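First up is the structure itself, then whatever we jot down about it.
Here the chain labels run A, B, C and D in written order, and each chain numbers its own residues starting at 1.
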Amino acid sequence: MAEPVGVAVVGASGYAARELIQILLKHPDVRVTVATSRQDESPRLDAIHPSLARRIDLACEPFDADRVAERAQYAFLALPHTASMAVTPSLRDRGVKVVDLSADYRLSDAQVYEDWYGHAHTDPEGLQAAVYGLPELFREQIPAASLIANPGCYTSASILGLAPLIAEGLIERTGVIIDAKSGVSGAGRSPKLGTHFPECNESLSAYNVGRHRHTPEIDQILTTAGGGGEPVEVIFTPHLVPMDRGIFATIYARPVGTPVEHDLLELYRSFYADSPFVRAINHLPATKDSAYTNFCDITVRVVRGRIVVLACLDNLIKGAAGVAVQNLNLMLGAPETTALF
Amino acid sequence: MAEPVGVAVVGASGYAARELIQILLKHPDVRVTVATSRQDESPRLDAIHPSLARRIDLACEPFDADRVAERAQYAFLALPHTASMAVTPSLRDRGVKVVDLSADYRLSDAQVYEDWYGHAHTDPEGLQAAVYGLPELFREQIPAASLIANPGCYTSASILGLAPLIAEGLIERTGVIIDAKSGVSGAGRSPKLGTHFPECNESLSAYNVGRHRHTPEIDQILTTAGGGGEPVEVIFTPHLVPMDRGIFATIYARPVGTPVEHDLLELYRSFYADSPFVRAINHLPATKDSAYTNFCDITVRVVRGRIVVLACLDNLIKGAAGVAVQNLNLMLGAPETTALF
Amino acid sequence: MAEPVGVAVVGASGYAARELIQILLKHPDVRVTVATSRQDESPRLDAIHPSLARRIDLACEPFDADRVAERAQYAFLALPHTASMAVTPSLRDRGVKVVDLSADYRLSDAQVYEDWYGHAHTDPEGLQAAVYGLPELFREQIPAASLIANPGCYTSASILGLAPLIAEGLIERTGVIIDAKSGVSGAGRSPKLGTHFPECNESLSAYNVGRHRHTPEIDQILTTAGGGGEPVEVIFTPHLVPMDRGIFATIYARPVGTPVEHDLLELYRSFYADSPFVRAINHLPATKDSAYTNFCDITVRVVRGRIVVLACLDNLIKGAAGVAVQNLNLMLGAPETTALF
Amino acid sequence: MAEPVGVAVVGASGYAARELIQILLKHPDVRVTVATSRQDESPRLDAIHPSLARRIDLACEPFDADRVAERAQYAFLALPHTASMAVTPSLRDRGVKVVDLSADYRLSDAQVYEDWYGHAHTDPEGLQAAVYGLPELFREQIPAASLIANPGCYTSASILGLAPLIAEGLIERTGVIIDAKSGVSGAGRSPKLGTHFPECNESLSAYNVGRHRHTPEIDQILTTAGGGGEPVEVIFTPHLVPMDRGIFATIYARPVGTPVEHDLLELYRSFYADSPFVRAINHLPATKDSAYTNFCDITVRVVRGRIVVLACLDNLIKGAAGVAVQNLNLMLGAPETTALF
């Protein structure tokens, strides 16, 4: 058996990092050799994440590109946006391949990035090199990539739900409505009033209506998936749901031509036939059935002449840490499902 | 001080009935003199609803129209559909005014009722006489009514959210999308697998997509609110949310002309200026802010040329028991807000 | 009808204050004339608590004893401990009666206060004057009081659960175990990691084991309730439960003599016969039945020779804002239940 | 690589069975070859458990001992009590080793079984042969067993929390208080009013106080763990907590001698040094840290001379399916942690 490949988790204190470590602990081909955090002391990982006790014996350290490169061939960046592009070049210069879970390399146009994130992009070269890490659409390009832009959670559900329709030219490209619902872990681990338990428990609310940063990402990737041409333009409305995990996207599109429900479902089945983590199902999905898994469940309905797609996934797994490992598997040449079933 | 008016709660074992009784206990002008249920023994109300202990001393009895009429001038029917229309004529024949919380008298066309509910309507005369009990739209007709069709919970949020736009002719009448989310109490009190805690907790799911029975009710009332003409036709998608209470409707409509967000909000403010329970707000709503109240919170946004309305309310209060008492107040000539603040 | 009495809510931004305002809005004899908060601008109350929109039209102001005294005869202090005793003397000097919801005046011995809260007590005179505001035990002393120490939420459930047994000398006074469970609103409104939704949702945890500050309060009041003598000493273990509201105390006591379950329940019924908000019930309680009410539900069992008492209440109502209004009612000479049913 | 061992899941429609199948799918040495259920048609497993779609391709069949024996060497019984002992002899007669997740073989004394379960025991021979499947206490006996009585969820947390103290003779054996809290999945998958979402959500309640059937199981195993002698007798109080998963036991014991907190924690560490799934921790536990894992987290405190132990685990994993696989691993001679990290 080959020596395991060293991987680093940069920014280890959040939820996606914790899920990532848990998945990597089950991976036969890799070993987590580095974990970094900005905390002053070098806390053990299980001091930050008590659930990791007796599973991994590793202390967090401050980020140092040389030390990462000594011990790891791959680095997962679970950092806030802007922090990722601040360290990515130093890792790539040292030959470390990067899977970035932030938004920094998702938007191919630096200007669009600046418009939506309010910062100039500081690594245009990386932006050029980055491959969008949604294996269901870009499986061919991922193995050779040195920098993966791991997709956003809302984005993955939305894109997987729409890609077959866009690719086949079955819907109008503008005015596509994505009414999305997310569990609270999607908001990260920093306490804020809006995610304080007695505020968001027993409540459903909308937020960032018309302004959520996953909007341009969905537009861009779906336009690409549609082979260019008229840009896709979605109306994206996120909601906060009192549950830990799960993204649910209810998508409304105007068909070109007269859609037949059964044919649409067959289209989804064949479109995703080689994608082990997309389940085109006949029944209406519930987030719980894909929670704690790397699956995305999708179905499609025709209602009064409109196409309604319902897609869901676990925001921390298929929407973050799981797809990151799926990308790693493709880069390693390992079976795509390794450590993910 | 006048003698309190006797009221009956017919079908007292469910959640809406419990809320209704709690509200009526605060009402200075009425007294709950009858409660009925189909249970064999005549259990005390607080045996069915332990929360009512030391608040009301009344035993449930089997339904008997004569006995209701002897003691009550008003009857609230918290019965399943078809059960309501089976008893309503007997009450009205005896001079008892009826507020029906079921769907039996909401659809003015008996054929539409049969199409969606699968039963022929057995009380066409009542159907003719019934007034739709949404005070914000039909405040003038309610005082003189002898039979009120209390609106559905999804329906109220949807109609209140859309009425100003329809009334002013600001949106296209077909293809209106209502993406609705409900707490679990909306499913009633009968245990089923779908509402078993470990199934629906930590899960968001869609159900009855394209087939929910509130659809024709929304269509009909909005068409009326629009002054007739082209029928309104909505695409209605309900979702189940892991919380007790609350309805949230996210509504997407195509404007006629170019909408201005600020003007739209002003329209809502003026449209509901005389409606004490509709709050046209500027911030994005959360169900929690209207939970356990009779308020409906609404705001409006323009996103990429589409109008997005966000409306929410407590499904058991403003969506059922609260609006029922609001109707009662109008019938009694009492202030509309009595017992509801 | 008499002019309503002016009341002030000092520290209006937290959960107990919000509940208090909601209750006071239903009170026929009082009007909230002042609300204070430490926030820089003077936000409207409904900007802090959106649920209060269209219910109260009042802006928060910085605390100023003169301005409070001009407009209010009673002040409710919903402040952190130490902040309460910093302002109480200034209010009492101006003739304003105070109901303090903090812990500052609950412990009659200033040294015990210092031992558990880590601060010297700065208002010994107030401490001397304060009456412990648990009406079920101190109903006689409350009307004449000028300063009420409103009890803690855990404390009320624990004391109401144990008082009959202590008063009747039926249990050993030391080694009484109180295993207590609380909803998250009990932790206040300031966001912290421990109350961040994805941390405490779907989790039950213990905290402050052996160190919770309600311990000496329970000891002291029960010792008083027992007529002095051997001090009561409880082992108090609080747990955090993933729900908004509710305190549940499971109490284990060693009987003196041989207890008979039925007789114990009768004792509770007679002990609380004149207390409208204590329900001695036969079935096992659930917090939900007393949620959003001012009731405390209690039952008692004998298990293998040990007495097990189960008591629950809503921490924000009977455990804070509701009992505060109950105290106000007694001070006003109004019916104890005014605004509380 | 050896041919995988065939295993059967008898009674595949509940939560423990679903968890078991999910774990077994990750197990390199076994294959699930049979699943049975009492349902009329032979539904696919993923029709019963949608989360299993694309993970296992197997239809449920009615139970038939011959057909099980043809394809499986081990059978997990996830059946209600009495149903297990009705089929166990037929399986053992055919050489199939049984891990029974029901209560049927846990109580070594048939009379105690009858007293608490209300049925005579129909398989005294099996009862004689059964080994109690708590590896932390009975690791030596499990490998050779042909019938394993898998422990109850409450029982495991309680026993693991108390065993070191009992084994070392550090506490009084009677009057031990176990205040236990469970997530709702512990109540099984059959809808009932008590587990209907709007009833148990946002509520904490006690149930079966003094009468829960895990009581004699805890008594018996702890007496055994203590080397016989004076029988252990616990006062066991279960509570229902509004969360999916997790058992939390707060245990109060009277010490023999003067306990030192630090020494007690060391005792737990050494007692469980060879048990990979017991984590003796210093901080206060939260169920979430062991949720979805096979860990049991334990800590210990001394409060006012009383020993307080806090133990928690996931009721469906360490409390059911996980420990069942732990037992299987020991029977197979595989590493105890296989498929469980």
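The rule is simple: a contact is a pair of C-beta atoms (placed from the backbone, for glycine too) under 8 Å apart; a residue touches a chain by one contact, two chains touch by 3 or more.
Note that the structure is predicted; figures quoted are calculated from it, not measured.
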Seminar exercise, completed: Shared touch partners for chain A + chain B come out as C, D
Problem set entry | Greatest separation from chain C - chain, by CA centre | A
For this session: Just give me the whole-number Å value for how far the CA centre of chain C lies from that of chain D.
Result: 40
Problem set entry | Chain centre separation in whole Å, for chain C relative to chain A (CA means) | 46
For this session: Could you put a whole-Å number on the gap between the CA centroids of chain A and chain D?
Result: 36
For this session: Enumerate the residues of chain A that touch no fewer than two other chains.
Result: 183, 199-202, 242-244, 286, 288, 291
Exercise. Can you list the residues on chain C that touch chain D in the complex?
Worked result: 175, 177, 179, 181, 183, 199-207, 209-210, 233, 235, 237, 239, 241-246, 248, 250, 252, 254, 284-288, 291, 301-306, 308, 310, 312
For this session: Spell out the residues on chain B that touch chain D in their complex, using ranges where they run on.
Result: 15, 183-185, 187, 189-193, 195-202, 242-244
Problem set entry | Touching residues on chain D, where the partner in the complex is chain A | 25-26, 50-51, 53-55, 202, 276, 279, 281, 283, 286, 288-293, 295, 297, 341
